[in-house]
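Comments concern the structure below.
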Amino acid sequence: MTELAGRVTSLDGISAADDDAVLANGCQHVYHSQSSAIRDAARLFRDSDYHLEHITCLDLRSDEGGGLRLSYQFNVHGTSDRHLLLVDLAPDAHAPTIVDIFRGADWYEREAFDMHGVVIDDHPDLRRLLMPEDYTGHPLLKDFADADPERHIMAAPMSEEDEGDG
Amino acid sequence: MTDFPQIFGGHWPGVLAATVAIMGFITVNALMLIWLERKVSARIQRRYGPTEVGPFGLLQTLMDVVKLIGKELVTPDHVHRPLYLIAPVLVFAPLLALLSLIPIDEGWIFHDYDIALVLLLAFSSLNIIGIFAAGWGSNNKYALLGAVRAVAQNISYEIPLLLAVIPIVIMTRSLSLHEIASAQAAYPFILVQPLAAIIYFIAGTAETNRAPFDIPEAESELVAGFHTEYSGMRFGVFFLAEFTHMVIICSVATILFLGGWHGPLLPGWLWFFLKVYGLILVMMWFRWTFPRLRFDQLMSFAWMILVPLALVNLLVTTVVLKL
Amino acid sequence: MAETMELVPDATDPKTYYLNMGPQHPSTHGVLRIRLHLEGERILGADPIIGYGHRAHEKMAENRDYLQFLPNSSRVDYLSGMIYNLAYCQAIEHAIELDVPERAEVIRIICGELNRISSHLLWLGTFVLDLGGFTPFLYGFDDREKILDILDSITGSRLTYCYGRFGGVTMDVDDEFLRRTSDFCDYFKRRLGEFDELVTDNVIYQQRTKDVGVISSDLIQDYALSGPVLRAAGVAHDVRKTEPYGGYDRFDFDVPVGQRGGDCFDRHTVRMEEMRQSLRIIDQALACLPDGPIMAAKVPKRIRPPAGDHYFAVESARGHFGMFITSDGTDIPVRHKLRTPSFVNVSTMPVVLPGTMLADTVAILGSIDIVVPEIDR
Amino acid sequence: MLKQTLTGARSLLTGMKVTFKNAFKKPVTSQYPRERIEMSQAYRNVIVLVEKEDVGSHDCIDCGMCERVCPSFCIKVEGERPEGMKRKRATRFEVDFALCSECGLCLDVCPTDTLGYSREFDQAGYGRNDFLYDLLIPYRDREETVRDTLRAAEAEAAAAKKAAVAKKAAAKKAAEEKDAAGDEAPGGDGDDS
């Protein structure tokens, strides 16, 4: 564990993810974080010259519970040292903004709001990004229903017999 | 002087006949120039250009004009109607008067005014009113921006244009185009006034809004500039005016600097047209080679480079002539 | 914080006005709309409005198995479709830990670099077109056409190649392909000199690009810029160097950086130099193309990456293209996030554009080489 | 200032030289309807059923792999098992080319390699249904005769196989008998093809 990773895990509400439990292929460090700790972590990464590679929202809701998850990924120029911050949110998702720390987070946060309905608190300009302003619904949610179900083609998974090595 | 105007006389039928002749020339000339422009651009870009209609695609533009005439004249709802409708006429009308001033050969001229050069420069600035009317009347932001740019550009480039012409006037002590051309029987003035010639040609290219000075209609930023809202033959008239304006600027350049109709072997009128179309070809060559200047750079080029150079040239000319 | 505009223009200020540039505009390279707040020709504020070309690639990925997303990958950015297509294959191979035969790797690099040149050529053409020069546009297209012909001869398509497969490529290259590629390299080295004469050295071109649209180093960290835009600002960062994927570490090439602090002219010189470096890579790759199979021997029929997150990044023609794939162990991903470089580059526009002229807007948009469908995905 | 102007002017002249030189080179475009370029060998277009030498017709066995793998869901295959035959024959093979993205995944999975690309390149139509292709059209009229020959071939192959199996079993039996007479091993011979 590098020095930076140690400083990140020492923040309140952030813990390093267990390597066995969480697979993050391509990322060197993975953390679980409370949503309250995102801003502290972002500030820490900013001070260490890291940049925000992307914010991705996932819909992990299932019958057993679960909610949305925001993945913040930080990296540094010159070499590659990826830190992935997983923030699990309750189904009525709210998350703090980090636009004032990384301006580039602006569109990612708007995208999360647009596509997954995550409300980013204190975002200065929380509008839809990709969908039209008068659109209802959040298309990347798993239970999103297309207005025209006829058009909605689901993949036909391959049958079990086809399994095996080619 | 065998007076060409005598054929038509100073009377109404003569004026009418002259107008018809000029109109015919403008139309045929524009058709051929558009074809030429398309062919030149195609060759430069290693394409074929029009090939289908007529031999070498010569009739392609005729077909295009037929199409343009056949189109419905759409007048958008939000325009200022009187301005919008009169603008193409305003752009086109002065050019008729201008062409009648140009001597094609010894004595081949409709009206040999003593102050033809002043008249010509005055009339050629008139079409800017039409352009501004088009931009303002279209009630469209792109069109308005294009019109504003056109006005600023034309006013700026009038000055180096005038300053480049004055040395010639001083040298010949005449404002008559016919006399200026006649004075160059021995040698064309470009040999003694190369700087003035270059400045005139650059400023003239800018006056006609041709690339690299085509910012009033810069298609990559202003869509189509002042004629964004025009369609059908109204647009066609703007196009016609642009190409006619090119002919006028190049004709004047020929008369002022290239010796008009003077030349060995060939008849005078042929020399004249050869020179004019040669210059037009160079203008086309410019257009298909260079990127466009930015608006402020265009202005500073006129005021910071062309005007001082023209002034210096004027000063030198007067000093040399006085000695 | 980027100053954001109010949605209703301030009608009380008669000196300023709003101009909607796009969605249909000659120079927005697709259906991008930028709301410009202008005073005369000077820009006070800019607000890019995107989503007109949104094709829901991420939603489609969640409704298909991994193999079925393959044709989508090159459509994310249709100008460097080969790079994106191979990147997706490499991402999946990375996730399921599948080794690719060496020959396939080298073929992939040749095709990817050819595609990078063709993408840069198109950028050069459209950028000069934005500045009003029409002819270099067609010269660029002419050379790009030569590359497309070469790629066509092994992939069968000209734009949205579906050439890669998990574990290799679909079709082997033949001697004809190798000969044409090396001929093209020789030809193009000369041709680049012509482009320099016609475009780079041109005084009008330099006037239009120098000190215009400076995307400087202080924006780099804020926005995580990448690709030529980042290198023009002076940071020698290239994913091919920092995390060599697909065998790029075997080849010798330089990472060009800008000298003037990240203006449009820097982005131009960086891309021109990148084309030369791509030629260098192709030359080396042609010399060392090994024999052997083009498909891995054991490719699982059903692609099921282990449950978890998989991130894989490549250097596309526009910059850092990353794929964040979240798998739950089944053959349909939970989430397939595409981190596209144009998205990032365009999001800097509210900061970069204010203070420039209207004509510069076009130049800046052109110089960062946006591909609108790549922004919208 | 003057020097700048002069170098600027020279760069403009160099640019003009480049365009001038290019103006006298041969055009690179081709006049499409009059000249046609040869398609590359790898050219992809709508899929076709390739005629297989050994079958004398297409060899689609309605396995449904292409239908399942297609990302655009544009293939529809139906088939039947002709009487007296083991393998199926396709009775319907339709491609909605308006949806196809020419990815070639169907060619990859085809077990009999009977799918190929056509060489057409200038399809055009007035509606989306104009691109609904029935790939079986060239094979319709000879389907019956093909089935007969296939049936015969299959029967022949089955007979040959049976004979081979029987021969093998007989040889095995003989060997076993030779090895250990009296030890009765029930031979599990039955063709399991």
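A, B, C and D are the chain letters, set down in written order, and residue numbers restart from 1 in every chain.
Basically, a contact is a pair of C-beta atoms (placed from the backbone, for glycine too) under 8 Å apart; a residue touches a chain by one contact, two chains touch by 3 or more.
Nothing here was measured: the structure is a model prediction, and the numbers come from that model.
Here C is the chain whose Cα centre lies closest to the centre of all protein Cα atoms. Taking each chain's centre as the mean of its C-alpha atoms, the one that lies farthest from the centre of chain D is B. Between the Cα centres of chain B and chain D there is a gap of 62 Å.
Chain C and chain D have centres, each the mean of its CA atoms, that are 33 Å apart.
Centroids built from CA atoms put chain D at 42 Å from chain A. The geometric centre of chain A is 62 Å away from that of chain B, both derived from CA atoms.
Counting partner chains per residue, chain A shows two or more touched chains at residues 153, 158, 162. Across the assembly, chain D contributes residues 12, 15, 18-19, 22, 28, 69 that each touch 2 or more other chains. Touching of two or more other chains is recorded for residues 64, 68, 135, 139, 142, 198, 202, 204 of chain C. Within the complex formed with chain C, the chain D residues making contact are 7-9, 11-12, 14-15, 17-19, 22, 28, 40-44, 69-72, 101-105, 108, 117. Remark: chain D residues 5, 12, 15-16, 18-20, 22-29, 31 touch chain B in the complex.
Across the complex, chain C meets chain D through its residues 64, 67-72, 75, 135, 139, 142, 145, 149, 152-157, 160, 162, 165, 170-171, 194, 197-199, 201-204.
Looking at the complex, you find that chain A touches chain C at residues 22-27, 30, 46, 49-54, 56, 58-60, 71, 73, 75, 77-80, 82, 84, 99-100, 102-104, 106-107, 115, 124-125, 128-132, 139-140, 142, 153-155, 157-158, 162-166.
The touching residues of chain B, counted against chain C in their complex, run 41, 44-47, 141-142, 145, 211-212, 214-215, 218-223, 288-297.
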